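So that you can tell them apart, the chains are marked A, B and C in the order they are listed, and the count of residues begins at 1 in each.
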């Protein structure tokens, strides 16, 4: 029996990035890009390494300001103040859990800073660790956990703060394929009950297709949007669904020429 | 387990004392023998002035130590975060570390006069640059990816300092605190020898001047043992050994 | 000195991480601030000069900067100045060399042997605990040859610190490389030259830098009590005669030698020694 959550999850938000350019120093990372994330939508960004896709996450996390263009949330313009208006749950590629705090404490620190009422903490910790299949490790030290377990805790932390949007930066690229596959499946199942708007950056096309409602394909840096693909498959999905496989092949063929112009004839895996 | 510790200590003691005695004989007793030093030590421990002297010295050592740690850590951590302070302090620290401690003592006494406080200030000036350096480097060595994580999760400054920064700089601050204490009492001997008439250092200087090496060594022995004990059993223990969640522990010279 | 010991013996917990990704460090000078940084450093230096100027004009006891700098040419061209500097410098260098020999030998002993090593470790702790002031005073009674005594005291002061640093380095040798050396049947000499030496060399440079500065500071005290020559002695003599200008001049020369040696010789050498480790 799950405890009543007294703190209602954030209203599904609708985020729009309009004609934005992002850069730092002399470098332009992203140029004239538009992107929307609908309520409860899982959007992936795929692109070659170093194309600047992570900078979009940084903007939404409030770590970076756009050079031009506008960011709005729930139809309200928040450009330049994204940090104050948008609460993000960030899952980094390298878990970034505090090694000197237990799993529970790590989540509590994030919840406190997100002003989640203390009365809800226990219930939330239990709930999200259970959803990510790491309930047993609630009082463990991060360094005693495996890489996969740490990343699950990191995801649980992102969800526990009741974010407006979940930001994931290649969260599985540091894990072995079996672990990654398992967590992907769990994430997919999670979408049935917890459809928080999510922006997911990855370089794996299949992963993006499997997890997302919509995939945005970026070009090489300075990045622009090459195309967008809607995936209309019901959840829960099968990683080896022939529709996904076909989509992947089509996408690889289409973008390979743009991402790697020197590559010869390629058959997708 | 205990016996493993006792044997080397006993052996070190016996060998050390034998070598001392041998040197004493070889120098025609210019270096007093063990018995002479022991007798002198008993005499000192019996004397009425010992408590007063020890009290004065320990009071000064504690003052210098606390001031050094507070000032050093504050400036060092600030410099770790503010690049402009770092840039400003770079030449100042370099010069400060290049000035011999004796010169600090002389100069500060010249400028501020011969009150006790000027001597203490000179020692703080001599030791603080070290603490500043260590604290500053500790802050610079932190993992800035955790800073980024703290920013995305909107940790306020207090939580950041307490949960993220403190645990990363703690080992270095631990070492700096112990080191500052060690320098405080060691330099205090010099300060008192050269400037004051009370305190253990002054007594040592007195025995030195009156050519009473046995008494001089006895005073030094009593004081050093006491301070080293305080350093190891008290100051070092101020920071508990275990950092939560970590496997490796800092290795100490004495660990067998 | 103990700064290096502090930094080396206390590893922050993040470094225990087994994962592939290493912690990222903050840049010392943020790249977009390098010019302002340099300017501020000059300002810092200027502050020292200003403080000196103020002290010089307001107190009787600090010689004004103009006098000190004005008298420098005469000071530096006098042969006595250079013989004094040479004496002190020689003592420092000899003590450093001896300190390295003794310190490394002790470190090897502690690293390689059991009982003897533990006894040696205890003695190192004892020598670390003795204030150099006390050693200098004891040396006055012990050594008829004061010159020898000065060098012995200096050596006894730096050797324990070097020993601690070297021991740390030995304990952090990569066991994988040692295994490789055994598997490929490297002779002991070759092992030291090609496997152990290069790994330990950066620590040697750090120890050299730290203990060089340490020795210079202690030599002042040693010369004060023990010998009647050298820069420390001159400090004291000038102070006794109330020749404040001479005191400041000796101080300027002292600091200049230390800083020039540190920044023009030792740090570049140390950076080159660490270069193969790659950027952190």
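Operating definition for what follows: a residue touches a chain if its C-beta (ideal position, glycine included) is under 8 Å from a C-beta of that chain, and two chains touch if they have at least 3 such contacts.
Everything numeric here is computed off the predicted structure, so don't read it as measured data.
Novice: Quick one: which chains contact chain A and chain C both?
Specialist: Both-contact set = B.
Novice: Between which chains do we find the greatest number of C-beta pairs in contact?
Specialist: Per chain pair, the contact count peaks at B-C.
Novice: Can you name the chain that lies farthest from chain C, using the mean of each chain's Cα atoms as its centre?
Specialist: A
Novice: Distance between chain A and chain B based on Cα centroids, please, to the nearest Å.
Specialist: Using C-alpha averages as centres, the distance is 51 Å.
Novice: How far is the middle of chain B from the middle of chain C, if each middle is the mean of its Cα atoms, in Å?
Specialist: 17
Novice: In chain B, which residues are in touch with two or more of the other chains?
Specialist: Within chain B, the residues that touch at least two other chains are 145-146, 167, 243, 245-247.
Novice: Two or more other chains in contact with one residue: find those residues in chain A.
Specialist: Answer for chain A, listing residues that touch two or more other chains: 94, 99-100, 143.
Novice: Find every residue in chain C that makes contact with two or more other chains and list them.
Specialist: In chain C, residues 13-14, 16 touch at least two other chains, as defined above.
Novice: Help me check something: in the complex, which residues belonging to chain B touch chain C?
Specialist: Touching chain C from chain B are residues 7-9, 11-12, 15-16, 23, 27, 30-31, 83-84, 86-92, 94-95, 97-103, 106-107, 110-111, 130, 133-134, 137-147, 167-169, 171-172, 174-176, 179, 182-183, 185-187, 189-190, 193, 201, 204, 208, 213, 216-217, 220, 224, 227-228, 243, 245-248, 250-254, 256.
Novice: Taking the complex as given, what residues does chain A use to touch chain B?
Specialist: 61-63, 83, 87-88, 90, 92, 94, 96, 98-102, 109-110, 112-114, 141-144, 157, 161, 167
Novice: Hey, which residues of chain B end up touching chain A in the complex?
Specialist: Listed in rising order, the residues are 145-146, 148-149, 151-156, 159, 163-164, 167, 243-247.
Novice: Which residues of chain C touch chain B in their complex?
Specialist: Where chain C meets chain B, its residues are 1-3, 5-7, 9-14, 16, 23-26, 28-30, 33, 36-45, 47-48, 55, 59, 61-62, 115, 118-119, 121-126, 129-134, 137-138, 140-142, 164, 167-168, 171, 213, 216-217, 220-221, 224, 232, 235, 239, 244, 247, 251, 254-255, 258-259, 262-263.
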